[in-house]
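Following this message is one structure expressed as structure tokens.
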Amino acid sequence: MRWPGLTALLILLVLPHFLGSYLLTVFIFIFFYAYLGQAWNLLGGYGGQISLGHAAFVGVGAYTTTYLAMTYGLSPWIGMLIGGAAAALLGAVIGYLGFRFGLRGFYFILLTVAVAEICRLVVAHTDALGGALGLFITYTGDPWQFQFSDNRYYYYIALGLMLASMGTVAAVERTRLGAYLVAVREDEDASEALGVNTFRTKLAAIVLSAFLTGVGGTFYANYLFSLQPNTAFGIPLSVEIILRPIVGGAGTLMGPILGSFILSPLAEVSRIYFARGGLSGTHLIVYGLLLITVVLFLPRGAYPHLRRALERRRAHHG
Amino acid sequence: MTVTLLGQAALNGLLFGGIYSLMALGLSLIFGVMRVINIAHGDMMVWGSYLAFVLALRLGLDPFVSFVLCAAALFCLGLLVQRGLVSRVLDAPHEMQILLMLGVALVLENLALVVFGPDTRRTESAYGLATVWLGPFFVDVARLVTFVLALAFALTLYLFLYRSDFGALIRAAADNSYGALVVGADVGRIYTVAFGIGAACVGAAGALMSALLPFSPATGFSQTVASFNIVIIGGMGSLFGAFLGGLLVAVAESLGAVLMAPSLKELVSFVLLVVILLFRPQGLFGGKTG
Amino acid sequence: MPLLEVVDVQKRFGGLRAVAGTSLTVEAGEIVGLIGPNGAGKTTLFHLISGFLTPDAGGVRFSGEPTLGLRPHALCQRGLARTFQIVKPFHGLTVLENVRVGALARTPGFAEATARAREVIAFAGLEAKTDQLARALTLAERKRLELARALATEPRLLLLDEVMAGLNATETEHVVDLCRRVNARGVAILLIEHVMRAVMTLSHRVVVLNQGQVIATGPPAVIASDRRVIEAYLGEEYGERDTHA
């Protein structure tokens, strides 16, 4: 997988020179959602603990950074790490409560949804954080404030984030945490009997996943220049996050990437061709249909099937 | 904060609770029989509401009459969803089932958005503004009728499940699907009908609710969460628990709205959900856990 | 000091007393067979020893230390490994990845653990299947995988729960041989088994459980002709008959 990967990377690196502003934005969202999806993938794909409330981590990261920037002028480059840490803390709380009390499967999903909604409602009622109207970032174009005049900077940052998340997951795959994570996903009892501290393993996964997602929150806030509790903490964002790895292949390194390259263009197309007169929501119908299709016909996501098809082709020709 | 005020709030809640009970009954039945967690529940309910709305608009049908039609329509939808989709993932891991139903929820909710638009609606009803006095309390006639109809629906369901042959089959399949298979029951058909009935419950609830509260496509999600709240409190798989839970939650919500800011009400229900999840996920009436 | 001491352990589920005052010991390097009719409480006892269940009364000591409150993974770290009656392979992982999880218990380094896993796979005779997904294995291979995985944790005591159930004669012979070789490495084994021939040939000592209590213990030859044991398995008349014959 070396040469195709490097070629693809090279293409992505030089692409901005050939793309207009609109397409650039599309790619920025592909990379960004791939990043968030990869962060989710650690807990949901590798760890097998499905969360439908990951938007909470985005929101916590985003609001932390933005609040610190607006109140203390703290650079988002530093605020990013604090936001990530705050999200990690929330993750630790959810993980501790959920795993200590033995919540699995649907009950754990419900817990994540409830926590995300609680965060949303609390923030919406907190005036210091802008309440329901949210926060708005004034444009200064100052790179130190994570603001750039040229879209291409955001492109490379988003690309960097995506690559960093891939690197992190690839690294985890080769450590004890990674091996333990998938073991816990497959069978918790058997894992325990083999010396795996399943509680600590799952907790590590959610904390790491939350941290990465929280860092992404900073990008989210500073790219959109505004934050609303309903969008930052809401279920639609959580759904966007999980769709990439689920469609692309949960528990695989390339899954979220592939998923994002499939979903974002699809969403754009349906937005353009179906959403006449500003009808939002059609791309969500497409998402829903895609989700149904994947569950019924490609339960492990697109990537495992793709890889098998490629291997079969190679065996034929080789 | 007089007792009368609280009593009024409790009464209002109780009468509204019939709808909650229906919602929860449908969800509990589906889970109890085939262990499927219907995340699309609230969005199915919204379609029940829209159907009642359209029937009232185009045919002048009062929702307190048309709710039967809405139930029937949603019954058919339930049959289709179960036959076409759910039946294929009955043996798959729970997470896959949940994702499937999430897909269905997305489709249903956004189809409603595309067809009807994002504005909130409310179904016109002949009893719209009438009130009667019941001792020191005044009662919304619409609310009262809703309660009676919801109760009647629940009672019919009870009679069906506990007095008819097919109902016995459904209960048998819920108890032990292998056992039911062994005695030659067509488990596939039982599941399909059970899912349909669950959808019918929620269709009726949606139709009845549409006369009392404004709704929009976005209402679906909060109805789903409310349903799960109730079912978890009452006990997953316990029909009695679902019914009682619906009344309890409605009364609690009504009292809550009086005692604190309405916007905090949602927050309280989520916190309550977390507490229940942590300390008693099997609900107040035991019942089978996932 | 015995490696494992089970002292008067009790466990009830609702009204059912699954384990009603059981005591047994396992010395280092021993192979002890645990037999008894179905429902005698053998697997429950395993759960109690390995930390999956907590006794209502009585205690378990491993290497002299009480095990109360220790989760299974902690016991595994101390050298107590177990297999399950219904095998639990990590279906989506390869044989190597399966065994590596066990190896990581004592060898935190990823590369070293992988190497150790390969050794254990070879020892267990599963080399040909190293990169196969666990879900593609036959039952006999899965049983061997289960054993190999537990072995990779470098235990001092291995609890085997009906590791020969469902195997044909040849496969059973292989597992018996594997158990002997494991024991030759110094690992004590406590095995629940219904395949009598295997238990009797493998075990140094046999413990017989019935209705949650130990009814006999001793060398295999003595146990085989013990009236109480025969009674427990076949009913009273057979017990009478056999001793008179």
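For clarity, chains are labelled A, B and C in written order, and residue numbers in each chain start from 1.
Definition applied: a contact is a pair of C-beta atoms (placed from the backbone, for glycine too) under 8 Å apart; a residue touches a chain by one contact, two chains touch by 3 or more.
Worth saying up front: this structure is predicted, and the values here are computed from it rather than measured.
Enquirer: Write down the chain pair with more C-beta contact pairs when A-C is set against A-B.
Expert: A-B
Enquirer: Report the chain ID whose CA centroid sits closest to the centroid of the full protein CA set.
Expert: Of all chains shown, the one whose C-alpha centre lies nearest the global C-alpha mean is A.
Enquirer: Could you please state the distance in Å, as a whole number, between where the Cα atoms of chain B are centred and where those of chain C are centred?
Expert: For chain B versus chain C, the centre distance works out to 49 Å.
Enquirer: Could you state the distance in Å from the CA-based centre of chain A to that of chain C?
Expert: Using C-alpha averages as centres, the distance is 44 Å.
Enquirer: Centre to centre, by mean C-alpha position, how many angstrom separate chain A and chain B?
Expert: 33
Enquirer: On chain C, where are the residues touching two or more other chains?
Expert: none
Enquirer: So in the complex, which bits of chain A are touching chain B?
Expert: Spelled out, the residues of chain A in touch with chain B are 48, 50, 52, 97, 101, 103, 105-107, 109-111, 113-115, 117-118, 121-122, 125, 235, 239, 246, 279-282, 284-285, 287-292, 294-296, 299.
Enquirer: Going by the contact rule set out above, which residues of chain B touch chain A in the complex?
Expert: Contact set of chain B toward chain A: 37, 85, 88-89, 92, 94-96, 98-100, 102-111, 113-114, 217, 221, 225, 228, 232, 263-264, 266-267, 270-271, 273-274, 277-279, 281, 290.
Enquirer: Would you tell me which residues of chain C are touching chain A in their complex?
Expert: That would be residues 50, 52, 71-74, 76-77, 81-84, 88-93, 97, 100-102, 104-106, 108, 110, 113, 149-150, 152-153 of chain C.
Enquirer: Which residues of chain A touch chain C in their complex?
Expert: Going by the criterion above, the answer is residues 174-176, 179-180, 182-183, 186-187, 189-198, 251.
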